[in-house]
Amino acid sequence: QDFDYGSFPDYTLKVKLIGGTQYEKLYTRIPEWEALTGAKVEIVSSKNHFDLDREIKQDIATGQITWCVGSNHTSFAPQYGDLYVDLSTMIPAEELAKYVPGTLKSAMVDGRLVQLPRVTDVSNLYYRKDLYEDPANMEAYKAEFGADLAPPKTFEEFKQQIIFFADPPNLYGTAFAGKDEGMSGRFMEILRANGGDLFDADWNPIFNSPEGVDALNWFKDIYDAGGVPAGTVNYTWDDIGQAMAAGQLAVDLDWPGFAGFYSDPAASKISDVLGFAVSPVGSAGVRGGWSGSHSFSVTEACDNKEAATSLAVFLTNDESEMMEAQAGNLPTRSKTFDEVITYFNENGKTALAEMFPIWQASLADARTPPLIPQWIEVSNVLWPQLQAAIVGEKTPQEALDKAADEARMILEDAGIL
Amino acid sequence: MSRLSIEKPWQRWLIRFGVFVAMVILTVPGLWVVLTAFRPNIEVLARPAVWIPQQWTLDNFARLFGLSDVQQGLPVAQYFINSLVISLTSTMIAVVIGMAGGYAFARYRFRGKATLFLAFMLSRTVPGVALSLPLFIIWARLGIIDTSFGLIVVYLAVNIPFTIWLTDGFFRQIPVDLSEAAQIDGCTAWQAFWKIEFPLARSGLASAAIFAFLTSWNEYALASQLTRTTASKTMPVGLMDFTAQFTVDWTGMSAMAVLIIIPALVLTFIVQKHLISGLTFGGVK
Amino acid sequence: MHCSGLFILVAFPRGGEARVGVLSVATDVQIPPRARWSEGFAAFFRSPRAVPYLLLLPAIIVILAVVLVPLLVSFWTSFTSYNLTKPATLFNFVGLRNYQRLMGNEDFWWAFGRTFIFVTITLNLEMLLGLGLALLINKITWGQRTLRTIMMFPMMFSPILVGFQFKYIFNDSIGLVNNALFDLGLITQPIPWLVDGTLANFSIIFAEIWMSTSIFAILLLAGLMALPKDPIEAAKVDGCNPLQVFQHITLPFLMPFVYIAMTIRSLDVARAYDMVRIMTNGGPAGRTELIWTLMTRTGYQNSQMGMANAMGYVSILLSIFFTVFFFRKLTAARTFMGGAQ
Amino acid sequence: MAQVRLDKVSKSYGKLETVHAIDLEIAHNEFVVLVGPSGCGKSTTLRMIAGLEEITGGTISIGDRVVNDLPPRARNISMVFQSYALYPHMTVRDNLGFGLKIANMAEAEITKRVDDAADILGLGPYMDRLPANLSGGQRQRVAMGRAIVRNPDVFLFDEPLSNLDAKLRGQMRVEIKKLHQRVKTTVIYVTHDQVEAMTLADRIVIMRDGDIEQIGTPSEVFEQPANVFVAGFIGSPPMNLLDAVVSNGKARLSDGLEVPLPAGLPVSQSQQIVLGFRPESLAPKGHALHGDGAAMPLQRNVIIAEPLGTETIIFVEMGGIDVQGKMLNPRVVAPGETLDFTLDLTRLHVFDKASGKRVVA
Amino acid sequence: MAQVRLDKVSKSYGKLETVHAIDLEIAHNEFVVLVGPSGCGKSTTLRMIAGLEEITGGTISIGDRVVNDLPPRARNISMVFQSYALYPHMTVRDNLGFGLKIANMAEAEITKRVDDAADILGLGPYMDRLPANLSGGQRQRVAMGRAIVRNPDVFLFDEPLSNLDAKLRGQMRVEIKKLHQRVKTTVIYVTHDQVEAMTLADRIVIMRDGDIEQIGTPSEVFEQPANVFVAGFIGSPPMNLLDAVVSNGKARLSDGLEVPLPAGLPVSQSQQIVLGFRPESLAPKGHALHGDGAAMPLQRNVIIAEPLGTETIIFVEMGGIDVQGKMLNPRVVAPGETLDFTLDLTRLHVFDKASGKRVVA
């Protein structure tokens, strides 16, 4: 049974959407929605997510919530308090059932469905097949480690291969985002894969545990061994993407959004040797599954929440998700996964067809960062300390202890602890 | 105007060489961006580096304007118009207001002059963060958020103080005799200013205008706060459209950068012809 | 009545436009007792003495509206625990807590010190290089206009663009500089430009200098062009070599422009924020942290506006130091220039 | 009716008073020349009349209006600045026509007047040049031209011809005279050239250190200088001034020489006086042209002789100082040569030493 | 040995040549005065010698060095600029001492020299002022002072006294003369003041339109002007110059008047000539002092009389134009009055009309 998009003639819906070339394609569907419902959409803001976040905070600060639909992200959502409505009260359960359950679950904050996921991010491995299939490499690897050369199954193996492949300055094992949330998130992922976590059930910081030190040492080891470019502590996603596309990295643990880029022969040198693998497991034998989704939310202050909800659903419905998936993004509706693989196979985009099942597989283990408003703040005290340990200014334990202290203070100030 | 050049040829060549080196340093990093706008991403990544694009391409621009099927274009034209309107208007008003202020400082004695002068200077010490949020709050209350007007007013405040200081310096260099002569010749104070001192302060005004224009044209921090939509977003803010959550479309960004640079270059070239030397020479003894 | 100082009230009716009312304007006119101050006021405005004030009025209004009012608001917030996402905290007065925390915040003071050094180094280098550039270009007669435009090329680059540009240029694996050095065979291992503490600071200083030297150059060039010729000729005849002419004649004439440029720039290097944020965002491990990156992260990402503004006010001290310093220099340097002192 | 009247006008720069409460009345159509040593306040006075310098005290009126608070443009004056103050960004033509353009005069009329002025001033070939490309004298002529194209109530000229050669200066002098007669305006003229002062002035005002020392017609100030200062200042070469003591109707100089004083002078015995005579009154025998009056013979050694073409200045000692005599129709004179001079006693000037004032019969 | 030598030196501004290949040799310690109409190239010549203006052609040497390519500082000269060119950011004291400081002179010596110069120039009270706060003449004196404190090989003075009053100018003239005698340097001096030119110069150079017309001692250029131009230029009031035709050893003027020419002049019958005589040669009877030579009586109506104090200039008509005569020991003369004049025939100057050259016996 199809969702009822309703009819809102002459209503003007104000929306704030994430901008950027990769996200805007979806918005070409807005006129369709307008035709369907008779409403008019006014995009009052269109920015990248960091700027949008800042802007939304300013709106909260000034009480200027004059808009209805906003782009959102699981990492940001908890900060906004009760800015957004609980969509589970607005959307019939049978419609919600069409979304990937895990994705939908991580879209909740305090038990409220504050956002409707649009595309999902979960990290997995990209690797260069040519390197893994190079007989010389296979032989040398076998000789050194007594195992066959294949995409890593564990972080330990991953580390080993990173160091094995590294041949600076022409080739590095991998690179990681060394600052901002990228650093904190990846650390969190390995920490969790090792069986640890950032906080205990009472929100006490516990990442300075032995698992945490192990996780941090993983970064430190590959950094010290020259397995990653020294600049990696300064990299963000774009630098890693460029380096991978330049053929300078053997493996990249990264987001699905890069698939399109890496497999585009005009932009990437590795388009024809690109391989995909599920992300490795840690010492606890599990995946960290750092994940998040881009999403749409509807404001409490909205004067026509029905129309707003209608648009949010429309932009994440089957057709929309198909559109996103065709661009290489991970859709949030279960059905789309099957359809898009068929589509890719039919259209000769085999690489992407290969990728999707792998990414889908890892979604099962996907976990978001802690869904508390202070996550970003905690991340901001965490990553400089991680950096300090990686570049050798502090021992991992010192660094994590310091970060844990600061995180504790933040949570105490916030009244969570 | 005669220019005495009892310079040895080797000195001349040394100067030329120095200029050449300076120009290379000043242009190469920027030229690299410009060239990047014309190459496919794959060339950006090439090792060894490809300096001159081997495959010139306009794809990046095509993408920018939505002419390719890869993605939707950006409202570049609208950004461009916003930028132009905001920068030109605020520059012109700032130069006029700043010039009036600079003139007052240069030509009149009055109470509280030093204090006022210092106050203008101190007005610029306020860091952007301390300014941007309250500004946002107030602008929101006034309903001029996301309007060109709101941004123009802010840029006025940014540009007026230095226009004042700069024009003050240049007006001081013009002998008072000249405006006196004009007043004797029957000019009102305004005519004397407009016909005599204004043209003579040209090089100062030109540099103030260039500076004000480029400041507004390139300003990002405040614009990113106070603009939201195509109604007022400026080019530098639009530049950030190329940064998504995870990726930066560097070639696309470069293409847009070229679009930002070219008009600035053209306007600057036009205005800076007014930086003429020796304007006040020969007037008085 | 003896009023001095200029007061402007900006009232903010809800959602309406600002009403700007001028209450009184600086004057040394003796105005008869209260009842008729408005007449005296009107008379003053018609008198020639009002001219400079009238000329400055628009500037004053703009500055007050755009700077002073926000300043007061943010000053208030620095005494609250103001959190962006919790508007109510705007009225949560915490006294000096933010400032006290700052005093003990080692990171902040490092950033403070680093910012001071950053500003000092860049300003001086930019001034010297800008001066050199202006002098060189001033010597060239043919094609000067084109050269001037080329010289201003970096000024066309928005600071964020400069940030991206140098981030890629200094990237250690795919960056232009390392690529070039490899091509020239000068290095075999990539240089981690943006990582090593010294190199990272060098890189952001380099980027800042690249971006802003032209500003000095253009201001000084304009000053050079307005230079009177007579005293220079006299100095040549008096036995000065070119260096001495420069030292004794050109430089004193240029000094006011130097100081103006220095002041403008000392306040303006904060523009470097956009660039630094993109290049290193203060990292790695806080090695390039400047007050501005710290402050913005605190205010917007961490939403702690109150704290961020407290940092802002401490950092204003730094700006005030530079400003007053340059103001004094400027006043001294231009005593000989024409015009009213 | 006085056209320009200065009433106790004074001017201070900071604490320094440079013009001390001067009074001056200038009639309509009068040509007044201001002279005085460098720095005595001539330019300042002109600038106050023009309204360029705020006056510290007193009142200035033009016609019957007090102009103290009027801006320069409302005073309807023309001025030649000592510093020229040309508009450096305008061609000579535009410099000349600027005032007329401001007054909204018709284009054709402007062209005519400017061309006329350029003709008079010999500026024809330079009309399209900028001031920077002119010689010093040419610039001064432009400054002059800018004043004379207009038709003001009062002309103020501040040393307008100082940088011109004698011939041109002579021509210009005639032109100024003509201009003055043609347009019937009041002229206040500062000059250091005695010939200009004598030939142009209806009255000469002699200033000194911010005070007016004497006002009079050219022949008055020349023939009857009011005090020692004026006597020494007017005339070139200057009057010889010697300290003397009255002794039996004669002036006894410091070297004992006694010069008979005109009869009827109200001097008392032993009064300290200053005795003055112009160089033309002391001439070698046969080289002077004296009236029939009393003369006194003198024999003196020539210290130095300065031939000037039509005449030679001869320095000799008298009363302990060097005095100048004049040799008309000159011949070559060697230093040390002894000559017989005559001193014309009918043209002696006597001043009271203490007050400096002229002693009149 | 010539101290300063100009060899075919020319100067063009763009296409316009303003100095045409002039030759000039100035001996060591010689005092040369440059005169000429406004705009004739005097300042340009000085500036080329100083090295401030690139020369377009020819060579300039000082001592035995060709200085064409030497910068000003290497030429060891002092210069007073026509435009003063004071350092506006330095006090009078610093202006004066600047050159000495640059030469690394000891502080005490600088103070001494500067104070001496200030004394001579009467600048004592202004030592701590900035130039902007000085009167025109005071500024000029600072410019002068800046030159004379130094000890250069060559002094260049460009109208250094034009803005000073006659008295001060007289004193300054003497000081310059003394300075020249004391320091034994070469001086090149531009002036419009005939008295200065005559009294200071060892030789006078008369320029016109970028050419040199005559070089000679003061009495040479005065007594034997090389051509009509020089004759008309030197002397003030200027020589009267009348067109005439030779007719039987006499010059017939256009009004038919015939003036006997000196015997032995190489003129041919009917040759077009210009007849010149100075105003002093034409005097009312009893008001001149002529030699014993031939004189010619004339009766004329006075057109206008200009009293100058010691003498009066009288304009009368002769040969169809106004000529000037001089009345010594003057009395009041009314326009229209008829006077008997004598014209001194021994002091006539005769020039060939076509070439303008002097006709010498």
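Miscellaneous remarks
Labels for the chains are A, B, C, D and E, by order of writing; each one numbers its residues from 1.
Simple rule for what comes next: contacts are C-beta pairs under 8 Å (C-beta built on N, C-alpha and C of every residue); 3 or more make two chains touch, one makes a residue touch a chain.
Predicted, not measured: the structure shown is a model, and the values here were computed from it.
Listed here as common contacts of chain A and chain E: B, C.
Counting steps between touching chains, the shortest path from chain B to chain D takes 1. This structure's chain pair with the greatest number of C-beta contacts is B-C. Ranking every chain by how far its Cα centroid lies from the centroid of chain D, the top place goes to A. Ranked by separation of Cα centres from chain E, the top chain is A.
Between chain A and chain C the centroid-to-centroid distance comes to 38 Å (mean Cα coordinates, whole Å).
Centre-to-centre separation between chain B and chain C, using Cα means, comes to 15 Å.
If you average the Cα atoms of chain D and of chain E, the two centres end up 21 Å apart. Shared contact sites, meaning residues of chain C that touch two or more other chains, fall at 84, 168, 174, 182, 228, 300, 305, 337-338. Shared interface positions of chain A, i.e. residues touching 2 or more other chains, are given as 54, 58, 61-62, 242, 246, 248. Counting partner chains per residue, chain E shows two or more touched chains at residues 13, 51-52, 71, 82-84. Counting only pairs that meet the touch rule, the chains in contact are A-B, A-C, B-C, B-D, B-E, C-E, D-E. Chain C meets chain A in the complex at residues 84-87, 90, 167-168, 171-175, 178, 182, 188-190, 192-196, 200, 279-286, 297, 300-305. Remark: chain C residues 228, 230-231, 233-242, 244, 248-249, 252-253, 336-338 touch chain E in the complex. Chain A contributes residues 54, 57-58, 60-63, 79-81, 168-169, 172, 175, 178-180, 229-231, 233-234, 239, 242-243, 246, 248, 373, 376-377, 380, 383-384, 387-388, 390-391, 393 to its touches with chain C in the complex. Touching chain D in their complex are the following residues of chain B: 1, 175, 177-178, 180-189, 191, 195-196, 199-200, 278-285.
Those residues of chain B whose C-beta lies close enough to touch chain E in the complex are 2, 4-6, 8, 285.
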